[in-house]
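Below are two complexes that have chain A in common, paired first with chain B and then with chain C.
Right, the complex of A and B next:
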């Protein structure tokens, strides 16, 4: 039997028996076969000595059972690693951040406590997935939308706590910001509620985020200070209609005008949907175009076009630009999604065109159809609009890395390197220059494929006000290549930090390093997090090491 | 390693005797529900299904790509892939698909499709 680090087999056996008395013997897992399903399916360390694996898993069915399990863990010094649905693939999945820790699997806690389509919120448990909530809303005919990430089987709570994102309106895409009140089990087994849930007779858990006193909710995201067992989320009222509009810019330098238009339009609320940028000339696309590419293969460019793209430096050559101008192929395309009554959408689109005409020389426009009522879902079913843009969950993004689209090298997983960069065109050009140079000159980066960098990396705008320059790494079943990926990823974190670009989220194996670059004033932020950890979890039984936060007794393990 | 895995899969494929459930239709109905909840998002027939598209590329015309149209699946094979995963498909835990549900799923997918 594997045991948690520093725990004797006898103590562990006693604890497992006590866990079973709480959750039932069927819901304590310690056989090699059962624990196999808790391995991180996308780990680049899979099968290697450093792979993070669990010694056991325990699956409570209620917050009360979580409290009882935590008290037992505290008594015996057993480290627990909570997961919600365990589908945070590419960021650690269902495996613990530290080998040997016991996974606290919250999937059985799958109650949808309330969905209110008058005040537009829901309250759910951690095991509720986007699919679950969507199905519930559809079945009951409620007039609210969810906001889901590309894959729909993740947990609302887990995704929000990991700072995950979605595809609908600005207010809902940042899943943590969209939350409203939470219930948390602390390391001592006590349950606390934030926001209005703290007031016993309040009817406003899903309506007022702040409650009274300091807003502590953020402490429980990307951390290890407590186990979130319920959470409220604001939901988007189902709009009357949706429309996509495209702003097309002909020249390389027009990226400045495109970004300025994007910022003003989003920050002023003219188009509340997720703005996306693409380059038809360079063959790089939006989320929807990426999904198409996964299944249909890369865009088929004319021979001359392909040669010019291949010969461009940082996505540019005068000849390529000339080709685009001659062929009427936009260098850049800004995709905007509008929600609301058709008349409002038309007026907003008019306003966007006026603004973009001033910002971009020779700009062109194209508008999609305004889909209203049931037509929205029908359009998504026909893939005329991206289903996630109207809160319809699916698993289509997993086409990435399969054999589909003529891909000769199916993957075993993937990882995303996701640094936050300024929301300017200058920053986009700079990111491309810096990472292109890194890939050309740093040996660890020369050995691996970096997805999304060439011919030009356009950032995403999931979260308002900034860009994320997301680059991908394909995990394979070749241990040597995977180890090279790990080294390359670490190099990108280092290079990014040198330029002030830190990750918004990262796989568990890189969390120490990614946290360490947020180092202002001799790591004062991390030291504050450690002080909180020592106060609320002195034995360090909750997810030691998650997001770089280690309990006092293990702190020497932290990366310098 | 690959040889070992292949041999194990062959052994699984060759298993033919599976205990018939007391109420086969009821079990298959449960299996269908499990399939719709957990598998259909990737393995249903239709466009942009990652599993179906990948299997279509793997097998070409030699067998159907959508799992519900296959007539060469058996419960042990289904169990192997559900509990172990393959390529980008992760394994599924007992908190997601219980052993009883997995048996039902295996029964549901073990069939000769209507011609």
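Right, the complex of A and C next:
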């Protein structure tokens, strides 16, 4: 039997027995077979000595059981690593951040406490997945939409706590920002409710975010200060109709006009759906186009077109631009989603066209059909609109990389390098220049494939006001290649930080490094986090090392 | 010379001398005359032994000076009470929460670090007022709006940290929620930057809220964990046009339809301007109507109408309703503001009318003119639209209560009792029933005037998704009456809490009580706040007692 680091087999056995008394023997796992399901299927360290694996897993069924488990863990010094549904694939999955820690598996806690479709919010437990909530809403015929990420099997709470993102209106896509109210079990076993949840008899837990006094909710996201056992989320009232529109810009330099249009439209609420940028001329697509390409095959570029793309530098050559102009193939495309009554959508789309016409020379437009009422879902089922744009969870996009998705050459997994960059065209050009140079000149990066950089990396706009220049690394079954990927990823974190681009989220194995670049004033932010960690979890039993935060006992001395 | 509680005159003199070496002798205040300007002009305890007054004030000019002052305070155990511009009138003003504490006056720190009208944000220091930022934007001809509260002379940072609210689009009215990035000086003198500000060279401090790891920003609002020295805010891109519209409902029971319409419209983004409810039949008005009534005199109700209003119970009688129906005077009115291109506004207004027609029998509508471009400001200057609805700071509404505003019977001040209630008509009726009964039956409440409860209290909708049932208490020059007001306010906090209605903000003298009602699980939230307080400010030198949070040394033992 493996034990947590620094814990004797006898103490561990005693603790596991005590856990079993709380949750039942069926819900304490310590056999190699059971623990296999908590391994990170996407880990580039899979099968290597450094792979992060659990010594045991415990699955409580309620907040009260979580409290009891935490008290036992505190008593015996057993480190716990809470997961919701464990689907944080590409960022660590269901494995602990430190090998040997006990996974606290919350997926049995799958109660939907409330869905209010008059005040538009829900309150759920960590085990509730997007599929679960969607099914509940459909069954009850409620008039609210959820906002789900690409794969729909994950937990609302887990995703929000890791700062996950979605595809509907601006107000909802930043899942943590769209939450309202939390219940948290602290390392001492106490239950805390934030916002109006702290006031007995209050009916506004899901309505008013702030409560009274400091807003502590943010403490519990991307951290290890407590275990969230309930959380409220604002939901989008179902709109009358949905429409997608494309703004098509012919020239390389038009990226400036595209970004300026995107910003004004999004920030003024003229179109609140998730904007996506792509380049038909360079052969890149939006999420929906990528799924379509996967199932229908990639668009056949004419031979000449393909040669021009291959010969372009940082996505540009005068010849390629000329070719695009001649063939009427847009250099850039801005895809927007509109929600509301059809006449409002039409007026908004007209307004977007006026704005874009001023910002982009020779701009062209194309709009999809306006789908209203039940037709919205039908259109998503037919893939005329991206299902996630109307809050329909699925696994299509996710499935592209898997065998189950019909892929003859599936990756074993992937990792996302996800730096935040300024919301300007200048920053997009600069990111491409810098990362292109890095890939050409840094040995660690020359050895591995970096997805999405060629022919030109366009950022995503999941979260309003900023861009994420996400690059993918395909994890394989080849340990040597995977180790090279780890080195390459580390180089990208370093290069990004040198240019002011830090990650918003990263796989567990890189969290120390990704946190370390947020170094203002001799790492004062991290030192503040550590001071809080020591105050709320003095024994360091909750997720040591998660997001770079270590308890005092395990903290390496940082250079002054 | 007064000294802070528990500090000897000699130590205090040493500390003041050290402060003067940092900020200059001109910026350390300890004479009675100077300290008079830091008294709370609105305090109901003014002139009484319990009045909260400062022993000194120190006014640093930069974050570095704040750091130096804090280090000296820490060394000598001098409690500091930071204020931004000190205009938090009605909630404590510029006086410390505990008598004798030294006011740290940040109004000299009035630099506007950046206003970006392409990415729509600003970064400012605490001394920057809404007037300052507005003037800067006008002077530079930038195309962004600010979101200001009723009085425009306060600090953006101070207002946001006290969870202040405004009057433009939903995304911006919750000032704390619309912030992005902070710089904070901790009690140990260290400077911390949150979000992307922690990453050297990052240009996204005002763009991406979350950074990497836990989101600590909420710690520094309504608390005493640090001193915010810079803060970013998202700004609204200037829209093409603005229009206001009124939905008029004839019957008492129609409040249900009014609230349902309001919620769907706001939460779906169909109209993002601040909704306001009023009752023409009961003679109450919106903010703008109240200002108009003040300057033009109240509407003359017909004698019969006045009698019916006076005779109504909880705002209702069958005869009053009949009178309203006969005279076409709406029972309820929902005032909404629309922003955007004129055609979008028209389509949105049409959609709102369709929705309201389904929800409210015999509903009527009235729309103002669509004001576009420079005409928006002109319309606000003419008071055809409420200036704050287009982000124009002023003091008109605030001035109503003052002698300067031309009021022959001005109040000396006021206090707001501000509980959060569910966003339903049921809750509005219930609040009126409960508070009406309280005012009739609780002796402390019978002795004092409570503004806004008669004939019927309608909540405000400053912050999306919830209502605030705000009641005013007029502070006078009569100490006896003021003491009675304090007792009455305490009763309302108690009665509110019994029904699940807690305050979102309260005057400093009530903060202990208002915090104490958020008591879930034996006050676990407050105890968590205290654990953090002890970790980040072990000597308790920052604003002891603010929002009910006391350092260990001063904490009264709470009953188990």
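Going forward, the second predicted complex is superposed on the first by the 543 of 560 C-alpha atoms of A that agree within 3 Å, B and C clash if a C-alpha of one lies under 4 Å from a C-alpha of the other, contacts with A are read in each partner's own complex, and residues count from 1 in each chain.
In this text, a residue touches a chain if its C-beta (ideal position, glycine included) is under 8 Å from a C-beta of that chain, and two chains touch if they have at least 3 such contacts.
The structure presented is a predicted model; accordingly, all values stated were derived computationally and were not measured.
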item	value
Contacts of A:340 with chain B and chain C, given as first, second, both or neither	second
Which of chain B and chain C A:196 touches, first, second, both or neither	second
Touched partner set for A:86, first chain B, second chain C, both or neither	first
Chain B versus chain C as contact partner of A:13, first or second or both or neither	neither
Which partner reaches more residues of chain A (counting touched residues only), chain B or chain C	C
Which superposed partner A:403 touches (first chain B, second chain C, both, neither)	first
Which of chain B and chain C A:310 touches, first, second, both or neither	neither
Touching both chain B and chain C, residues of chain A	none
Chain B-facing residues of chain A, complex	26-27, 29, 33-34, 36-39, 41-42, 57, 59, 85-87, 89, 93-94, 105, 107-108, 127, 131, 152-153, 291, 294-295, 383, 394-396, 398-407, 410-414
Chain A-facing residues of chain B, complex	37, 41-42, 47-51, 53-58, 83-85, 87-96
Complex contact set, residues of chain C against chain A	118-121, 163, 169-171, 174, 176-177, 180, 186, 190-194, 196-204, 207-223, 225, 234, 236-237, 239-240, 260, 263-264, 267-270, 272, 339-341, 343-344, 346-348, 350-351, 354, 420-424, 427, 463, 465-466, 497-506, 514-515, 517-521, 524-529, 531-532, 534-536, 547-549
